[in-house]
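Next, two complexes with chain A in common: one pairs it with chain B, the other with chain C.
Our next item is the complex of A and B:
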């Protein structure tokens, strides 16, 4: 009997807190999702909503001055939040590749970048000989569209442009053919041509190795190009999960609608009127729906009753009790309040 | 022109590439209250140019002029006033934020250094700056490591603004920010320009942002300028053949659409010596012939404010690109 495949990673009610001067402040609040082999799951959301914090958790890692305060992150069945540090070390880099938001932090400033990639390959026993490691490294650099891979390999990080550093880090994360690749804003520093090249490379590698990917980006347009499914985060909570096509065809949550509307407006973007009014203020979150202060459709009840994901269609979940009342295709920019 | 920055830095800082400086023969100027956007693919030399203007690296050849004054000097030899007037926001903010200091120190330092303000008043200044970049004043007690990527980018913006510069060099300052925050920062920059006549040299990969903010646009390809013009002019035909490729590669913000397949490969430059006279020749879909490899293309003026550097004259290009 064949059931659905086991997920590569299964995040269950993840809670992360940060120490903010005198007390613990919650940043990621009960987030759950899973990724199947060969699948790419995207995560979109506003600056500071908790995307990187979630991405780090997929490696069983939390930043200084923060703690896991509940939940589990099961990678192929093993809970990374409860694994000894030595075991985790073995998994990171080999089985789970990571591209952090700031590529420079992933590079050792005092070593030529080619050495770093080869060293990582050798450390994880991915290549039998130095020669093989070098070939794979140079091959990856070429795939990334880096000019003259040999020259780039001999350079120190500071001798590379921002986008070149970013591509070196991507190459390093891909080098061991990880089972899961965690990407935190991996193409923000890249021009569209280079970005398109990287995105199609990722798609090819995913098809060839059945690699699963978690792709964080504030840019829904980029996620639309690479993801099978997309999660939208707001103030540390998931507020919508859907397949990419469904999310664009039929966005349920008012915040998602605002995001999509501003994306469609981008071509004629004048940058004066954001379609999403206001900003995320963590110090002023209501007890109920966290989006309520900014929501065009909010009603008094929204401020007091917390919202959580509920299934609204096939694989489509929305955290808004009013979603059936919000007519499809309503432009969140006009005051559509009933 | 009261303030201009004509320059032609020839930075030969690339040690392994003695044959080819990262930036060659680039000249442009920016007027007070003007925004010049610099666009071009990864590795084309954009950051090198702003770092040269900021005095962080010395041009091999060429001159920088600011307010009629030669400023081709490393930053240590520039006057305090000049350092205040030209502020750079780096592409990677992490490198420029001292990890051991809280934000009130990081942002407060330029206030103290340039305006001799301290104590309460300085703290008020920091709080105001944080608010202008849409961060809560309470953030001043945090360390850079307690911030998200986009929050750090905004702190770097706040710190540069603390010096009340005349020329702000912005290297990809919006790339880590989502649309809502981006719109806020863009409005802030516009307001500063309108209120204080600030000039911007603005580097961005996001052409929608460039279009909405810039007055003029300069297109860089492998260290050489290939098109300069008013924003409307650069965004409509005739295009330089590279500009044309660049604009066509804009991602389609819709799901299900295929990625562009005929993406021309990145900044490939195979032979070390065989740098063609037109750097775009190896990838140019409109290449005329061997003349492009042998003879440096001339600048042709399309209008008083719009110039394209190509062997195909502007009028010809317009006809080719009309369809």
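Our next item is the complex of A and C:
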């Protein structure tokens, strides 16, 4: 009997709160998903929806002034939210690598970048001698497509370009051959050409190292290039999960459709889907569907009944009770005539 | 880069010392009374005062006297004390040694205390320990050193006679004995300096601890101790170093007050005594020495900041 392989990481009803001046405010609200070995899972959503917070949780980490308030993050069976600090240290940077949003601020300004990579190797006992760590660091830099690795290794972060900094950070994350790589908007600060180069580098690295990836981005177009499956997050909740092809061919949630329509508008394609209107306002979330205030298709019932993910197809889940009523390509103005 | 900075600083410092000596000379010149009258006392006849004034060249025009002093000083001849008929060097250096011992010990304790308290309060910021230490540093910051000194004497030498109220150096034989004799003046000097440095250290470290690269170091799986000591601390030291330079400068003045309170035979007390005698060569020597220490401290702090921050080094 051969079932699906065991997931690398299994996030189960994750809840994260932030301390907001005088009380705890919920930021991630019962999010569940899993990633299979070698798979790349994307997470899309706009700023402040809880994507980065979820990404940190995959390393058992929460930022200062925040807390895990429920759920589990099981990495190869072990719940990272309940591991002692010492055990977490052994996993972070070794079995799970992290690529931050802004490499310019994520590198220590007063330490040569080579040291910062070697330090990671040494902390995890990946190299017996300093000489070996140095060789491996230079090898990694070469793998990342950095010219003259030896020169780069001696440089301080401010002496490198944005693309080079991102390659250094990638080398740091991959140094110990992690099983899972968590990427938090890794190309957001880069120009389009550099972004394209980093994305193709990522594809090559995945083929070579075979790690699973969790890729967070506000840009669905980027996710489409690197991900097998994509989750869409809105106001701390997952509202859609599907394979990349399915998500673009057959988006279920009005929010996902809005994201795709925005993408098409940016690329000059005029579609029939309505664009997203308004902004995510965390202070004014309804009791029911959190997207309802911005939804073109919302009805009174949407504001009172909470929505959760329901299977609508093979591996395709949508958190919208009205999704069958909204056939693809329908303009809201035609509501009721089709 | 570093060499150019040091060289230019030395040139500027030499010029500053010249200005300092010029200003001090005129300040003393404008004080009422003169050396001859003070040395001979109230009973002296006008004739003997006139003779002594002539012997000490006090009758010469001020500019001539300043020029004379400067000419000898730059050649390494610090001259004779007007009041005591002794070479200034023999006068100043034993006192300088005493002051440097006191200031050095205070500085050592200050460095240890401000680093550890700064790091501890930053790591536990918002918690009870931090609150108490912060209150304590605020109190230390807001009290002038002579109040702290007198309070310490009242509590630890009079009420509970743990330490000597006066710092008598001639009885000191061993290093522990030295620490015991100087304990209260050291504590007085340290209290005032540490308070401000702790606040700088704490606030900077808190900011750095929240930076992306410290978070990255944690997510790389580095042990907490290494994250704090290797990634956070070096990047939080810069402003604290500048405060330390200022503190060393303050220390040079602070010793004057503290030495008086504890009757300590240092440079500060010599300065106070010399001013009352209008003893220009001694005053000038002390002023130049104190100003040099001040400038040296600032230069060392600036060099260290450059060494710690590669971004500044490049530009």
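The rule we apply is simple: the second predicted complex is superposed on the first by the 304 of 338 C-alpha atoms of A that agree within 3 Å, B and C clash if a C-alpha of one lies under 4 Å from a C-alpha of the other, contacts with A are read in each partner's own complex, and residues count from 1 in each chain.
What we mean here is this: contacts are C-beta pairs under 8 Å (C-beta built on N, C-alpha and C of every residue); 3 or more make two chains touch, one makes a residue touch a chain.
Values in this document were obtained by computation on a predicted structure and should not be read as measured data.
Partners chain B and chain C, once the complexes are superposed on chain A, both fit on it without clashing. In the superposition on chain A, contact is made by A:46 with chain B only, not with chain C. Contact with chain B, but none with chain C, is seen for A:200 once the two complexes are overlaid on the shared chain.
In the superposed pair of complexes, A:311 makes contact with neither chain B nor chain C.
In the superposition on chain A, A:13 makes contact with neither chain B nor chain C. Once chain A of one complex is fitted onto chain A of the other, the partner contacts of A:63 extend to both chain B and chain C. Counting residues of chain A touched by each partner, chain B versus chain C, the larger count belongs to B. Shared-chain residue A:102: touches chain B and chain C both.
Using C-alpha centres, the superposed arrangement gives chain A a vertex angle toward chain B and chain C of 60 degrees, stated as a multiple of 10. Judged by the touch definition given at the top, the superposed model places A:120 against chain C, while chain B stays out of reach. With both structures placed on the common chain, the touch criterion links A:90 to chain C but leaves chain B unconnected.
No C-alpha atom of chain B lies closer than 5 Å to any C-alpha atom of chain C in the overlay. Chain A residues in contact with chain B (one complex) as well as with chain C (other complex) are 63-64, 102, 105, 159. Within the complex, the chain A residues that touch chain C are 56, 59, 61, 63-64, 85, 88-94, 98, 100, 102, 105-111, 119-120, 123-124, 156, 158-159, 169, 172.
The touching residues of chain C, counted against chain A in their complex, run 209-213, 215-224, 226, 230-231, 234-235, 308-311, 314. Here chain A touches chain B in the complex through residues 18, 20-21, 45-48, 51-52, 63-65, 101-102, 104-105, 144-148, 151, 154-155, 159, 161-164, 167, 184-185, 188-197, 199-200, 203, 218-222, 224-225, 244-245, 247-248, 259, 262-264, 266-267, 269-276, 278-279, 281-283, going by the rule given at the top. Listed in rising order, the residues of chain B touching chain A in the complex are 14-17, 39-43, 46-47, 91-92, 94-95, 134, 136, 138, 141-142, 145-146, 148-151, 154, 171-172, 175-184, 186-187, 205, 207-209, 211-213, 245-246, 249-257, 259-261, 263-270.
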